[in-house]
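Multiple structures follow.
First chain A sits with chain B, and in the next complex the same chain sits with chain C.
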Partner chain A sequence: MNILIFGIALLLPGLFAVDSALTLGPSSWDISQQRFWGTPIANFVFWIGLAHAGTFFSAILLVLGARWQHRVAFMAELSTLAALMVAASFPLIHLGIPSEFYQMIPMGNLRSVFVNPESPLVWDFVAILAYGIVSSLYILLHLFSLQKSSLERFRRPFAWILFPLVLWVHTIVSMDFAVTFVPNWQGAYFPLYFIFGALYSGVALVLVLTELSGRRVRAVEDLLISFSWAILAFWVWEALAKGIWHSEILVLGFLVPQLLWISKIREIQGARVLVAISGMVSLWWERLLLVQPESLDWTWVDIGLLSFGIGAFCVLFSLLRRGVQKAFPLALDENALEELRARPVQFARKPFWISICFGALAALLFAVYFVWNVPSITWMRLIPILFPIAALTAALSLSFFAARKVWSSKRIAWILGILLLWGVGVWGLVFRGSDVSYSEAFVTVSDQAGKLKSSAVDAREIWNARCAACHGKDGNLNRKFVHEYYPLPQTLSLSRIDSLGMDSLKRVILDGRNYMRPFRGRISDKEAAALVHYLKSMALQKEKGGLE
Partner chain B sequence: MTSFAYMLTALIAMLPAPFFFKTPMRVPFRAVLIGFCLLLDELFVCLLSSPAYPHYELLPFQMLALSLCISTLFLGKRRRLFASLATILWIWIDFFGMLSLSYRGVDFLWMPFVVLPLAFYPIFFMHPYKKETRFCLAVIWAAAWILSYAWTP
Partner chain C sequence: MKISRASFLKLLAGAMAAVSLFGCRKGKPLPRNKHAKSLNKPDKNLWQKEIDEARLLKPRPEPLAPVPRPGAHPKFRNGNIRFGMAIDLDICDGCGKCALACMLENNVPRVTSEDAKKGRYMHWLELRGKMPVMCAHCGNAPCEKVCPTGAAVASPDGFSSMVYPRCIGTRFCGANCPLHARKFNYADSLTLGLAAKFNPEVPLRPQGVMEKCSLCIQRLQNARIQAKTFGTEWLGKNVFPACAEACPKGAILFGNWLDPESELVRKTQNRGIYAPKSVAKFLPAVVYLRGKA
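Presenting the complex of A and B:
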């Protein structure tokens, strides 16, 4: 109850910040013009890290055979679901147009925009979606296995699928940074660094939640100390390799957890909670400084988004916990779990391997489809997206085998039919896309457009407003932005403009081509023609050496 | 980084490996031991190598992976599980490390990914506690280390 009230108290003001962020866009939060990413992305990385706790305690420790994992498994799994939902909301806020999120689905050229499967942002979307679905299925399997013991034999195979997937997800999140042009973000060691950071913050979160529920698991405290040493090694390496050093992070994230070595302090419940919170704060601060290393000029929206994250997590976690307590009372009863754990459990070997084969086949088909359609794709860069697809398919197949153990064929057929219909419906909606009413969404621009004449000055204004984000103010590409989303467009040159001709360039602007989206409806024919002239004038200037 | 210095990094990585899991130890003590070795690896790389070496950022973690692989040769039980996990960790570090470096124009070295999976043959198809298996694994991991050397003219 206390967590719920605390959560509501933080969530309500946080919702105002979310509303502002969605209405005003990135200008509402502190954002660097060099990096484009602000607090929403820092919060996303932090919360997705916390979402690793459940899988770590439930799946990874199950696979590694830790005897005490069942004592915290459910708590951790619920925290994973809550943290994952919170984490997923931040990229939507960052996008500015949440309704367009489906553009990240790698669906080939179905909607005339070929989503680049070499982009880590697309990997991110697929990995998190797969992780969300697989971890939800895993927790359902775990809950139902309390009532139907025949399901228990599927838990370990499922854990073997989830184990690499959870590490993969945070590796992919680290690649968002590691493959960019921003020097501070480039780090070949980021995958491991991010994984350890995520596990550290996840362990700290579970420690806090366990303590708040009036229990104590010493092994979790030991893990907290262990991960503090692991993360220290990465911070030291950052200092040695890049000269990045933040003493406050070292104090909060490494020195404070060492207090748990002192048994007198360790026996105090409040001290244990504070140490865990200190670890989480250090990790959150570290991610913020990674995303935004310049001095922060915070707006109220930045603080509101932080409040929204914590509030939403507390509310979701308490509601999930209440729901589980009502529907599966055994799940949070430690004594009952202790008895259940003593049951001999088999490993569903055959369904596991069949599911793995299905997963591999799905990944192979996906790879063949993309490489077939765009042979220029560096196929190695498809690998990060292939594993989540394989894991998702394998988990769905394993769930099907598990369902067959408890439900009749007729019931399964019904469920599959409903899921199929739902899937087809969602796919249809994605294929159709959302309506864009230019008259409403671009009302300000069309008003301005009416006043504009196609002079060179006006064309420059349109160029800066509409084209410079990708093509650069001088026509020489905004490499930082473009490279993260699409393969690089053509560089500006007079010979290329002459070879294409003015009319065809005008058509490209109005109707789009390859990765470029159409601007018809947002600019007039006259303005498009003015833009082509402006483009040519820039190319001429470049030829003369005026533009570098 | 010279090939001699690269060989030294392998030696430094392998030296503490037998002690990681030799005696029963509480989890945090073991973490401190491994963490401390990683810190020493970092210091060693910092002193011996230079940022011009293409895999400079990656090297301490490759050393850690090698240490963990070698340490599984001294495990008394569950050697198959931990040897395969350590090998996968090495593949993981190398693959994602090189993938991110490839976006900066560094060549992607394929040979470690050909050699490292070979380790699964002795892990799963030979007796886990026989000397022959340990020898085979040591040879494969040593070969992977040598082939991971990013030679620069």
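Presenting the complex of A and C:
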């Protein structure tokens, strides 16, 4: 409850900042014309890092067989979902035209424009989408397995899919920086650096959340200390290789966590929470300085976005926890979990391997499709998105197997039908795109300058350049090219031109008709009028020629 | 949790009040895609003034590194056109006429005073020290590699082009450009009265879109269409970008690197060819001349 109120208190002013950021655009926060990334990207990296904690605790430690894993697993999984939703909102805020984010979805040539699968942003988009779906499926599986023990055997296979995916996702996030030519962002150690940073901040977050729910898990504190040493190694590396080091980050991120060695301090709950928060603050600050090393000339929107992140996380997390508490009261009861843990460990071998094959097949098909359609793509650059696609497909098929264990096939068919309908709907929306036409967004030609052509000679040039491809240089149709069209374009005889009238012909040129493309924006009104005159003069000439 | 009607109404009223507060923020929202009429006679001095302002921010010229003579574009090995430019630093005295010509030719907008304070100028061709610097049109362009939507893309004519309607404003290209030649439209400059359509052939870029030197692609395309219309072989002859045209000393050479008869190739024989050090390894097509080879 307290988290919820705290969250709302931060979220409301945060929403003002988001609203401003969306309406005013990127100029409302602090970025320069040299480095185009600002606080939204730093926040994105920070929150996506926190989102990895859940998977670390619930999947990686499950696979590795840590004995205290079940005590923090639910808390961590819920925080993953909440942090992921917060993280996903920041790149959208960052965009210059947020409403067109869907252009990054690699859906082939459906909209006749390929995305560039070489770009780390496309990798990012796919990986985070896959991670979001897979980790929500995983938490659902975990919750349902409390009630139906037959599902327990699917948890470990699922964790094996999620385990590499989480490392992959953060590797790709680090690629956003490491593949660029910005000197501060280069380094082959970046994936590891980012993964350790993410896990460190994630452990700190889970520590805070468990303490706030009135529990204490000593192993998490030990992990915090060990991760602080791991991250120190990378900070030393950065300092030695690039000369980048910030004393405040070292103090907050490394020295403060060492206080936990002193047992007197470690026994105070407030001190433990403060130590974890200091770790998170140092990592947030570190990401900010990474994205934007110079000029921290903040506007209020920068601070508002930070407040939005924290507030939205707290609200989402407490709402999720409340929902789980209502629907699955067992999940947050430690004693019940202890009993459930006594169940024998099983591993659904056959569904696991079948799902893995499905995943590999999906990735292969995707790769073949792209390379087939765009042969110029360096196929090596496709690899980063192949694994998330494989993992997503494998997870979906594994959930299908799991669902068949507990639900009747009729129910599954209903769910699949609804999902399919929804998917087709979303696909259709993306296919349709937004409502901005070229002439609307890019008004190009106007009559205010005297440069435009309108004399008869110029009109002939325009005709030859723009119209002759279909209509022929002499105004007779270019039959070879046009015969595929139905209805066939009209022959522009004098009688027809006279019956249509000059104005409507001009409108046809500007706005198009049937197969004729609109030329508005590419030629001016004057030029269109000149073209109509030219049309008429050609028809006149033809008429004369016919008479002679 | 049970909720009484009174407390529900209170909550609702509170929420409404919070929502209505959204209208009270400072600063007007900038509507997109609404093109107000531009000034009939925009004052060119305003543009000149801004160029002079921006020059003060960058007093140092780009460090140069020697590069081999630009050849075929690595993506279009069989092409017969690779447009490029050579700027003769021995002749150039940094008068800045090219910068103004570029802005007028390509309808480059001015920026708001807040943006100017943060150095967010839009100049496609900017003066660093006395050196005119623009997009180097790299063959292995870093910007093209990271653009997610293919808005920054190599042109078969061997330069780096920009497709505005595809751009969604991720600004990854700008972050990845070592030369910082890419500019971002922070504001809807036409609505703010900062842009003018000096040249009707060039579209005005909407807010949220990246832009940069296009080698005056509209001039290239016009010349191409003309050659096509009259059925002559073109090879990129008889066309000059605005900056080359404006240079009083003829320091900016433009042409096709693959045409041995072009002015560009002939006049760069036996000259030292340099490129900005930051992009020297990416096969730039826009280079600088200094001294003898």
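Basically, the second predicted complex is superposed on the first by the 435 of 548 C-alpha atoms of A that agree within 3 Å, B and C clash if a C-alpha of one lies under 4 Å from a C-alpha of the other, contacts with A are read in each partner's own complex, and residues count from 1 in each chain.
The rule is simple: contacts are C-beta pairs under 8 Å (C-beta built on N, C-alpha and C of every residue); 3 or more make two chains touch, one makes a residue touch a chain.
Remember, it's a predicted structure, so these values are computed and weren't measured experimentally.
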Return first, second, both or neither, reflecting whether A:W229 touches chain B, chain C, both chains, or no partner chain.
-> first
Chain B versus chain C as contact partner of A:F125, first or second or both or neither | second
Kindly classify A:G187 by the partners it touches after superposition: chain B alone (first), chain C alone (second), both, or neither?
-> first
Of the partners chain B and chain C, which touch A:S408 in the superposed model: first, second, both, neither?
-> neither
In the superposed arrangement, does A:S499 touch chain B (first), chain C (second), both or neither?
-> neither
Classify the contacts of A:N2 with the two partner chains as first (chain B alone), second (chain C alone), both, or neither.
-> neither
Touching partner for A:V179 - first (chain B), second (chain C), both, neither = both
Comparing the two partners chain B and chain C, which touches a greater set of residues in chain A | C
Of the partners chain B and chain C, which touch A:T171 in the superposed model: first, second, both, neither?
-> first
So, A:A241: does it touch chain B (first), chain C (second), both, or neither?
-> first
Doubly contacted residues of chain A, that is, touched by chain B and again by chain C = 179
Please name which positions on chain A make contact with chain B in the complex.
-> 64-65, 164, 167, 171, 174-175, 178-179, 186-192, 219, 222-223, 225-227, 229-230, 232-233, 236-237, 240-241, 261, 380-381, 383-384
Which of the residues in chain C come into contact with chain A in the complex?
-> 18, 21-22, 25, 27, 29-30, 32-33, 35, 38, 40, 75, 112, 114-115, 118-121, 142, 144-150, 164-172, 174-178, 180, 183-187, 197-210, 225-226, 228-229
For chain A, which residues count as touching chain C in their complex?
-> 12, 15-16, 19-20, 23-28, 30, 32-37, 94-97, 100-101, 103-104, 113-116, 118-122, 125, 176, 179-182, 295, 297, 376, 436, 438, 440-449, 451-452, 461, 464-465, 521, 524
Residue ranges of chain B in contact with chain A within the complex | 26-28, 30-32, 34-36, 38-39, 42-43, 46, 51, 55-58, 60-61, 78, 81, 88, 92-93, 95-104, 108
